[in-house]
Amino acid sequence: MTTAVISNNKMETFEKLESAVRSYSRGWPTVFEKSKGYKLWDVDGKEYIDFFAGAGTLNYGHNDTNMQEKIIEYIQQDGILHSLDMGTTPRKEFLETFQEVILTPRNLDYKVMFPGPTGTNSVESALKIARKVTGRDTVISFTNAFHGMTIGSLSVTGNSFKRHGAGVPLHHTVSMPFDDYVEDQNSIAYIERFLEDSGSGVALPAAIILETVQGEGGINAARMDWLKKIERICRRWDILLIVDDIQAGCGRTGTFFSFEPAGIKPDIVCLSKSIGGVGLPMALTLIKPEYDKWGPGEHNGTFRGNNLAFIAAKEALRFWETDQFSSEIQDKAKLYKVKIDKIIAKYPELNGEARGRGLMQGIAVHVDDLASKICTKAFERGLILETSGPNDEVVKFLPPLIIDEEGIMKGMAILDDSIAQVLSK
Amino acid sequence: MTTAVISNNKMETFEKLESAVRSYSRGWPTVFEKSKGYKLWDVDGKEYIDFFAGAGTLNYGHNDTNMQEKIIEYIQQDGILHSLDMGTTPRKEFLETFQEVILTPRNLDYKVMFPGPTGTNSVESALKIARKVTGRDTVISFTNAFHGMTIGSLSVTGNSFKRHGAGVPLHHTVSMPFDDYVEDQNSIAYIERFLEDSGSGVALPAAIILETVQGEGGINAARMDWLKKIERICRRWDILLIVDDIQAGCGRTGTFFSFEPAGIKPDIVCLSKSIGGVGLPMALTLIKPEYDKWGPGEHNGTFRGNNLAFIAAKEALRFWETDQFSSEIQDKAKLYKVKIDKIIAKYPELNGEARGRGLMQGIAVHVDDLASKICTKAFERGLILETSGPNDEVVKFLPPLIIDEEGIMKGMAILDDSIAQVLSK
Amino acid sequence: MTTAVISNNKMETFEKLESAVRSYSRGWPTVFEKSKGYKLWDVDGKEYIDFFAGAGTLNYGHNDTNMQEKIIEYIQQDGILHSLDMGTTPRKEFLETFQEVILTPRNLDYKVMFPGPTGTNSVESALKIARKVTGRDTVISFTNAFHGMTIGSLSVTGNSFKRHGAGVPLHHTVSMPFDDYVEDQNSIAYIERFLEDSGSGVALPAAIILETVQGEGGINAARMDWLKKIERICRRWDILLIVDDIQAGCGRTGTFFSFEPAGIKPDIVCLSKSIGGVGLPMALTLIKPEYDKWGPGEHNGTFRGNNLAFIAAKEALRFWETDQFSSEIQDKAKLYKVKIDKIIAKYPELNGEARGRGLMQGIAVHVDDLASKICTKAFERGLILETSGPNDEVVKFLPPLIIDEEGIMKGMAILDDSIAQVLSK
Amino acid sequence: MTTAVISNNKMETFEKLESAVRSYSRGWPTVFEKSKGYKLWDVDGKEYIDFFAGAGTLNYGHNDTNMQEKIIEYIQQDGILHSLDMGTTPRKEFLETFQEVILTPRNLDYKVMFPGPTGTNSVESALKIARKVTGRDTVISFTNAFHGMTIGSLSVTGNSFKRHGAGVPLHHTVSMPFDDYVEDQNSIAYIERFLEDSGSGVALPAAIILETVQGEGGINAARMDWLKKIERICRRWDILLIVDDIQAGCGRTGTFFSFEPAGIKPDIVCLSKSIGGVGLPMALTLIKPEYDKWGPGEHNGTFRGNNLAFIAAKEALRFWETDQFSSEIQDKAKLYKVKIDKIIAKYPELNGEARGRGLMQGIAVHVDDLASKICTKAFERGLILETSGPNDEVVKFLPPLIIDEEGIMKGMAILDDSIAQVLSK
């Protein structure tokens, strides 16, 4: 009881002065002060293991020492902080490094657009350019997709609570079944039928937009074969393929781009979150040169030139100079999978189901409200993780990619304990 | 000629790797490296006077020393950099300082929402909550308004090039004449007539959104009396008044909020750009408590917790602890006005017209392409300023508010000289 | 009281079996049985003078003897009744007569489209073809316009009750002020300003649609000069001009087309109501040959071939073989105007205002509900006339064009008496 | 060749004066003059057997003698021809007869709305009231549905040519697979999954609208079991079920309403085409009393009171006083099916597939353009029938229900012969 009171006092400023829209500060009612690697500490000095990574923004961990140093050095030299899309040295160096370390080795040819520093801005720009170059307006998105909160991105987002928040109907989009969305049914056949029939009521779309692993939608990982077939549909009907790699990209699934194992080449790729290295706002839209038909300033924004982010972003790309980082992620992913399977087996009451790919995994808990209770209990015990899915039914594992075995084991132990506690009630 | 070749080489990376959407780097073809106060330097060591201020983002000047120190100190302490909307110390301190220094002294009562770090995100959230609390979908915006590039914000933006870029029709909005938009016509009478008549074809709107000075639309400053009448219309028909103070706020016109001299109290206020102090991405949506009807997470975003921005933002609020800063801005504004009037008088060929308010002024040049040519010439001579207006017909003055008399005089001298050069051809 | 009970019994079938949407049968609670010329009789043998003409559908009066005979003869010969858009003799003869009697003498060149037998179908087809040939989607309509109840036509209709009935937002249209809609303001200047400014927020429209006299919207007659200026705007910006002559056409204002006195040539004209001669469902869309870019069947409908209507329609065109009918209408119109002015002068309590043109006139009564009370009282006394306007504030005079002086005098006497009665309460 | 020239001369008026939108007069290039029962004659006296029935409008045959007499008698008595929704004797008698002969015996309870005399008007009114009573805006329609050409009805229509003709995007609708639309896939499972998942991107709809047999979409007959399941979905999620029975109703499939054999009770039923008995424009919207929440005049239209149609409609209902008519239709349907199967067997080159139900049958011909060629050849030989389906791939049999065995045999012989001719080329 005493704890609760203290906790309430701690949060008083937020409750009194901030809007009712605040969410994470409700589930994790403390004031955080410090962070390093895969750990955070609050103002009371309590330590937390991070299985959340800023919703996928802190793939390289908190306060990477190298990035910190480069940022500080730049500030001390009176480097340009804000530059819209003017030329600056950090922008130039980031562009060159991205080309050299990421695009060229993967045999990818994209023009880089800085669309404003948020993921939703990248998605909005991707939809715009796809509509412009095709002259069509419809976009196919998928069930349980999440692409952002501004009206364009919301229109391709599945979640009804978030859609309803728009306050206006959302148009120019068709929602199609993601991979094995409907049991025993073939979503590819379904999509193809609608496209081939001129009487289907679904217009030939400008683009198909997808996440290879749906992060907010319940850690639904598309099969590589399904992704290949979607790409084939795009090629057959001359539809642009947009991969929203905002959460699943930047190494989250084991490769820099999440779509690499499928061997596909999207026409447009959206990146944000961890692209800024250390959690600073930044986003990119990658566009195949033949589709880069923008007029100058046709999509713009004030914070396209966040130079501190460019500096950290360039340092982050160093992780990708060799294959080592990628193979480490995959090893850790296997370890997670083993632990998750054990937990599911240990607690049949969860009616649990393992989901995901790479370091983007989850346990779907098919009992109402249980996933939320588990996360709450874990927070109390020093583990930060959140739920996902249309009914918050999935416990989601999204640790910094630099987490070590000790961190994983410790976090999983807290989780195990939390589940036991919740189920014992 | 040699210079041109060098310049081209300098920009090669951007031209080769970046999308065709880039704009400022075309008009100002150099690579910037350093900045302080109201000055920038490029990689060749050339100095520029800044009459642009990051499009209104650098009201407190480049690299404010105090803000630099606080940011560096925070990073060195491994402070949380990225926190979504979790509680952190900088968020808490910013909220408290904003309440104490800005809201309370102005007798304003708003809940503070962090909607994502861009202006357009603030506008999107404002439109959403206005639609939610009223249950209506139409929003009235104004001719030559600019509110952002995501679909919701674009729908209340006037510029046809930018609207067309949406690739889809933009709905749920009605464009009304801004102040004296139609010569010799009373825009208030029009708006009232449309609202009072149930057969007008214009539905009762959820909100009226406006900029008190239209920055992108041509430095059109609304008269205080017109703003008062708009507020009266909102009260009479129970319409929410949204002031988009993203460019005109944070002291740009002489007071913290641009609407203060009109004595109005908007229901919702959008802030971004200079709120982050030193050019770091940040935005706020201020909502009267009675309209703060959000569900938790109903509008969210990854970069709502840019703690470096919170730290700089808090320091920036210190400028507002006394009235001195405000009165200095107004003095500088007068100086600008004097210089502008002189230039207009000196060069009748410009067919010039003075516009604006505070340190947000402009010269409308009623000769095709002339404004752009002047800005290009000024850049060559070390002055950064851009055009504005539907046909880029306005030379826009938007210096850092901390500029001194020397800076103003020097910049204006370059401008004078540039105009002379352009006209002599 | 006894009367009321009897009347209720008479209406029982409608009240019990018909939908709540019924309207005229509420205001005129009787069962009509017979009609001829400008008179109707109900099942009780009560006689009514018709100042309503089926809302402008019975311009040639009820049961024109000649039309009756031709219809009966056709049926007796087993003529084709229903033919979609197949070739039939009545369709052929109507087309030839319409060309010869109406189009050629007026030097008008239009292709004739049969869009389905209702006015709203004509409007929907006009909007479609205008959007197709221009490739634009916006249509400018006017305050207090009424163009029909299907979604396309509703979107260009002003009335908020009817718009709200759509159940979905209505888009792709901009409502502009009709003629002198806002007192002392120049609507032409207003419209031109929005069109010439690329930052106005109003896209270049496909078409401007208007009624020269707004029937449902309050009998607002546009000045000829205003119509000319609207046509000039259309020519200047290459916008199609659509005149919806469904209610004001077919002689209602004194000439066959209502726009003839303005000397304008619309690109598209919508006709319905009295085009079918004797009240049978029929509609036309007239399209300048250069804009007749339909694909076969691109707009169709089951009842495009109502041959009984074609037969009556052809007979009706005989009225237009000389100028006599037109000049008679204008004489009667003058008589109405004299009587209306007298009534307004006689009853200052009405705060009355004369409106309209030709045999489409009205008295705007600026006292709440008074117009409706007057119409109710008149019905009891054997005069059928209805209200119009956004608040049902206009008593509307729309007699069959074939009415004679006796009918006018008798009807006006009943009206005078009814007003006296209503005011005396 | 001579014939062709004559034929061209005959059609000259239509080609010269009518819009390019005309369609049937292109496929059947003659001028029709007379008709009776299941036969038509053109101006040259050539006789045609009618397997088309005015696209389902002439179920009771051409010029039914009894209906002719009643209509003539009414006209001769100066009966009211046009009455909007005023009370008239024919309206009253139709309402009472419809209640007595159709609704009461089938244990159906509907309020009758007269929405304007066309099918599309009935559909528009159905969508409006469904949106009003549920407060939702989305409507689920089906692949290859056809519901009309006005914007509201087009939005629930599948055909891309017709949708494209709208000139504006069509919204507020979701197209779902009709019955066995996707081979080997369960459309019910798809629909249920989309509805039960709050993250599906498909909002809870106001209504589901369907045709039990899709006439324009290719004579696709839904299975009774599928219809039952759709009704169950409607009940489970509180969605209104609208059956568009405009083409399949009025006995076309063997029962008055096409949905009777499925044992379902739609919330709203749209009727038009044959409801007017002899081809006169008329439509009804039947609404369960609990959903009849219209305000007076909220949906209206000029030609809601086509009294000649009411008179014929009342006579037509006599056909339904006993079960005989229904059982005759079913016998004829069987005869058609036998003949169709024979033709498919006889001409394997057609790759033919039998479709449909009752006297609404078809042969899908899976060879490009063959169906159209067959219909053209048949017309030359005196048989009128048209194609259907997204690619005009279905030869459609839609004879008047009163056709006799001789007519069927004779028509089928012509068809057989026409196919032989077409295939022999």
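For reference, chains read A, B, C and D in written order, and residue numbers begin at 1 within each chain.
Note that a residue touches a chain if its C-beta (ideal position, glycine included) is under 8 Å from a C-beta of that chain, and two chains touch if they have at least 3 such contacts.
Please read these numbers as outputs of a predicted model, since none were measured by experiment.
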Going from chain B to chain C via touching chains takes a minimum number of steps equal to 1
Given over half shared residue numbers means same and under half means different, the chain A/chain D interface is same
A student comparing C-D to A-C should find more C-beta pairs in contact for C-D
Cα centroid separation, chain C vs chain D, in Å, comes to 30
Rounded to the nearest Å, the gap between Cα centres of chain A and chain D is 50
Between chain A and chain C, the Cα-mean centres are separated in Å by 58
Two or more other chains are touched by the chain A residues 137, 161, 168-169, 171-172
Listed in rising order, chain C residues that touch chain A in their complex are 168-169
The answer for chain C against chain B in the complex is residues 137, 141-145, 157-161, 163-164, 169, 171-175, 177, 181-186, 189-190, 193-194, 197-203, 217-218, 389-391
Listed in rising order, the residues of chain B that touch chain A in the complex are 10-11, 13-14, 17-26, 28-36, 40, 43, 54-55, 57-58, 62-63, 68, 71-72, 75-89, 91-92, 95-96, 98-99, 111-121, 124-125, 127-128, 130-132, 137, 148-153, 155, 161-162, 165-168, 171-172, 206, 272-273, 278-281, 285, 287, 292-303, 306, 308
